[in-house]
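Per-chain numbering from 1; labels A, B, C and D assigned in written order.
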Amino acid sequence: MIKAGIVGATGYAGGELVRLLLAHPQVKIVWYGSKSYIEKPYAEVYQNMFKLVPDICRDDNLKEMAGQVDVIFTATPQGFLASLLDEELLHKVKIVDLSADFRIKDVATYEKWYGIKHKAAQFLEEAVYGLPEVNREKVKQARLIANPGCYPTCSFLSIYPLAKAGMIDLSTLIIDAKSGTSGAGRGAKVNNLYCEVNENIKAYGVASHRHTPEIEEQLGYAAAEKVILNFTPHLVPMNRGILITAYASLKKKADGSLPALAEIRQIYETCYEQEYFVRFLPEGSCPQTRWVEGSNFVDVNVQVDGRTGRVIMMGAMDNLVKGAAGQAVQNMNLMFDLEETMGLKLVPMFP
Amino acid sequence: MIKAGIVGATGYAGGELVRLLLAHPQVKIVWYGSKSYIEKPYAEVYQNMFKLVPDICRDDNLKEMAGQVDVIFTATPQGFLASLLDEELLHKVKIVDLSADFRIKDVATYEKWYGIKHKAAQFLEEAVYGLPEVNREKVKQARLIANPGCYPTCSFLSIYPLAKAGMIDLSTLIIDAKSGTSGAGRGAKVNNLYCEVNENIKAYGVASHRHTPEIEEQLGYAAAEKVILNFTPHLVPMNRGILITAYASLKKKADGSLPALAEIRQIYETCYEQEYFVRFLPEGSCPQTRWVEGSNFVDVNVQVDGRTGRVIMMGAMDNLVKGAAGQAVQNMNLMFDLEETMGLKLVPMFP
Amino acid sequence: MIKAGIVGATGYAGGELVRLLLAHPQVKIVWYGSKSYIEKPYAEVYQNMFKLVPDICRDDNLKEMAGQVDVIFTATPQGFLASLLDEELLHKVKIVDLSADFRIKDVATYEKWYGIKHKAAQFLEEAVYGLPEVNREKVKQARLIANPGCYPTCSFLSIYPLAKAGMIDLSTLIIDAKSGTSGAGRGAKVNNLYCEVNENIKAYGVASHRHTPEIEEQLGYAAAEKVILNFTPHLVPMNRGILITAYASLKKKADGSLPALAEIRQIYETCYEQEYFVRFLPEGSCPQTRWVEGSNFVDVNVQVDGRTGRVIMMGAMDNLVKGAAGQAVQNMNLMFDLEETMGLKLVPMFP
Amino acid sequence: MIKAGIVGATGYAGGELVRLLLAHPQVKIVWYGSKSYIEKPYAEVYQNMFKLVPDICRDDNLKEMAGQVDVIFTATPQGFLASLLDEELLHKVKIVDLSADFRIKDVATYEKWYGIKHKAAQFLEEAVYGLPEVNREKVKQARLIANPGCYPTCSFLSIYPLAKAGMIDLSTLIIDAKSGTSGAGRGAKVNNLYCEVNENIKAYGVASHRHTPEIEEQLGYAAAEKVILNFTPHLVPMNRGILITAYASLKKKADGSLPALAEIRQIYETCYEQEYFVRFLPEGSCPQTRWVEGSNFVDVNVQVDGRTGRVIMMGAMDNLVKGAAGQAVQNMNLMFDLEETMGLKLVPMFP
């Protein structure tokens, strides 16, 4: 059995990690870290865990934890892991970091968008961006995983096949994203109160959201060119789910015509046919968050608008699963040479 | 592997059966019955099942189905199974009926509350009321299970320990129940449209809901006396979940005093200490539907009001799991001599 | 024009007062008090007021305010007004207090349930409980109004006719209440976050909610007897609305029979036929919060269960209007000799 | 008093017309038309109208209605009015048509996108597109108003100032729209059931929604050029509200630089400074549907992304008010020479 420690176990992503790892046949959680609830029974914070988790919340002592576990999941604010990481720690345990600390290779970009100093830049090169669908082999070898952001995971997987195939003009790329409220975390803020979120939709972080450079970097690798794009997230009155609607102009073919939908669909089919967690939907069927809730699936589809010459790329995902805890477990499985889908063949729950 | 057929696989309870059985290690669904969607791929009706269920919906032919399966689940309107059941069928397969047809032993009571003629009353005596927490041994021997209603399951398990112990005056019993909207089914009715249910709460079926006699009958067995009670259901703007708040006067002790909370709690503790799916909560902690969502748990607690001499009994449950499909699988496990919790150790999903 | 000041203008009840008073033809708000947002434009706190309210939030200086306004509304936590009220203040302005400070005549009861010392008990006798449907004439003469609580308003008006008429055994009275989340206020608490409230229902304050003695006192006046009852509130995932479901045993007639529904309905009809804001619904039609949202109406109905001999009394209301700000304006209208319905003939908004 | 008749009074837009007209000081509704509920009391269909509307629903007889009213509102499916309109009718009454029948001047475009034959094309030229902010003077003279669609109203008003000023490259225009569920109407469809819409977001009508050509036509007039754009609507789990997020490339200035945000803001300020119902928000403040709910306001704002050279235009509106019934009343006010804002100075209701 793999022994796991979770730092930030009482946030929503941390709670989802607990849900998934409890059902994982090869993992035992031995450390429930939560600075806010030290000494409190975990099942008092999350009463769904009553009779399932007898453990008490403990402090976030990475060094001590490293002596007791095989893998540490850090579901913490930005800067936490970077401020504590050192070679000694990485020597002892594998780490899957759910924060943004090691997602962006360029320190200056990280520091500009996140507004904090990076304190462990020496590990940026080693850290593997944990999107198994593109970095599977690297993940298997990694000691340190930068678990992708929720918006970037869904955005990237929706656009990746066409970016890689060079079918779209990436300078025209616009991503309009919608997220459920669990993505805003469990902090007690007026803006996240029930009455403020319910019966409302709004954009936020317009032209300034931190996930923008992460998406740009990853799409840049896929397309082998620099990508600058618009990314606009919206807050939707629902608990879970992210929906991506992305727009880009199709490159015309040599004869000046647009590629056919069938041709574009074939690119997605080929790209994802081996991927268990990416479901490329039948023609005409729009991804919807309700069909993936509670699961590690990303549902993807694509439509062509012949009038404007654009392709509309869509993706739906559970932000707490494939967008956070599920992907973290998927990475852990690969790092420990387990079946990639182990503990993750969750059937989406509807309604 | 047990081969299972589902009649009414495209209703919400049917869909939940599919979700649970797909994850069950000893079951294979071989017949997805749905009169409304015959010939349509199941995954087109429930897109969450895309790539998980390749099957096509089929007609509800019980006789043909019986030749191909070991167990039939009927998630159908009242009267369906009663109109088709015969000895030949029961000879071939075990049946778990999620409708009300065989829940009420007294034909007259059934016909009065449901307003239809019972067409298979000869099987009423044989049918076992499938509440494993009270009828476990009978369920193991049964060919025909009357799977309890959602409200009755949650109501009964919240009240049962005190009813059995003779602690409450059952003539004072009042059950105020609240349910999520999936309990109303997937039929296209104006009253169940999003805009009609959202931002609303209402009582319905006041003094006339069909689950009333079912609760009365079962509590009657537990208390060994005739029970007449008030039951008022309410529709709550959420997908899943039932919450029961029940009130009854405590019987006074010989010295005229009320029993202490500790004494009452001990009765619940003793009653449920062996039950995996009933979680008796710590003192002062109210059951909430969010803590059981997606799981087969019923969370129960109790409070005493010394001022009025009443006990307030509370229970929370997922109406589609312990209130329907989960309990059906629990019964199936017992009927086929499997571990009772097999495929049902679902961790509640929050948020 | 009546000049009004609001203390606590940035809470939900305060915001609703602003909405109502902006549309009131005889009132001008001249002081938007909000300790948390001093110096901040009101329309930045509540952006719905952009271009409608140019004012800046000001401190809660009652003395200074009293020099500038004719009426003060205090939408504040318990204890605020009691700690500041004196004869000088009341000499200058009329006060409508939306807190509980002057609702309960008995100081000991107040101090026991609210857990704070009452600092202005000398005004308890003078204060008028501002339920116009029973205290209309007193309200007209009052300097100080104790604006009723949300649950008590809806509970009382649902039960009042039968309590007054002596038709029910008040020792059997049980009130099961359900409220939208705006009732919990705008404080930043984890328990009121969107993801905690959404897809959930729970009871809270079981056998201990502070509105209990308020309801008991008022029903006691109506029935001219001491009333002790059970009151259980529940939190419902919706913004606005309170629904009351109350149960009591009907007193039998001299011949041992139960009163007929028609007789009971007649009592309600007579009681409320002159009341604009209480709508007694047609037989068989259940009150629903959606039908009163945004309005000052309370919809009431009643059902008899011949099997148990109980009457089920139901009421639906918008907790922020008739349960708070609307009733406050109704009281103000009476105090200033205006048409009682002025500014309050709001058509309920659906959906 | 203006006598009004409503055809389709029991749909959501029809119900909202009733709410608004009941509060209008110069209008009396004399005909509640509803084919589905003929002879049924209106207040039984919409119980919020209990004691407010004593009328019975009547058939949709336009000719008879024309003899009794001054203005007819048709809140009906496409094709209804076109199939019945003739000169005689228009001679007797003014008509505000909330359907799409007379919004699009080009018959071929209408017939292609709506898939029905236009039966009254002779009135297309006369019909005035009822967006008072651009067609105020024409509306005043009109007999027949084509009341704009909900998405087009919000989209157009968000983009109009920059389109008219020639600041954006309209060939790059992309509109990503989000709507509450009341926009889907009150028809009993599985897809609009509570459990299907709740906890979900999806795109629909991708590259094919009927409001596309309407937006294109109106923006074309404003910009004096042919406009082809992408429009993608999404369904959001809330009752009311539309949010528009639109993207376009800014035209560069002569020196190759981008226009400054201040310059762009000035264009909006100037364009809307006289408009009561369009609120151009302070810099950095995003439109949110919660801040306009129940009102006739459209909140608009704009952001520039210097990295991509694009402008992001945002608008929020209540789809049933400014997007349907409110705008219809605004048009009626103009047609009858009343104050444009009469009956429409509704303060947005929050929460």
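Here is the rule we use: contacts are C-beta pairs under 8 Å (C-beta built on N, C-alpha and C of every residue); 3 or more make two chains touch, one makes a residue touch a chain.
Because the structure is a prediction, the values reported are computed rather than measured.
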{"item": "Far-end chain from subunit D, centres as C-alpha averages", "value": "B"}
{"item": "Higher-contact pair (C-beta pairs counted), A-B versus B-D", "value": "A-B"}
{"item": "CA centroid of subunit A to CA centroid of subunit B, Å", "value": "37"}
{"item": "Intercentroid distance (Cα basis), subunit D paired with subunit B, Å", "value": "46"}
{"item": "Numbers and ranges of subunit A residues touching at least 2 other chains", "value": "12, 182, 195-196, 198-199, 237-240, 288, 290, 293, 351"}
{"item": "Subunit B - residues contacting subunit D, complex", "value": "12, 181-182, 186, 188-190, 192-199, 237-239"}
{"item": "Residues on subunit D engaged by subunit C in the complex (per definition of touch)", "value": "12, 15, 19, 22-23, 46-52, 182, 199, 239-240, 279, 281, 285, 288, 290-295, 299, 345, 347-351"}
{"item": "Complex contact set, residues of subunit C against subunit B", "value": "172, 174, 176, 178, 180, 195-196, 198-204, 206-207, 228-230, 232, 234, 236-241, 243, 245, 247, 286-290, 293, 303-305, 307-308, 310, 312, 314, 316, 351"}
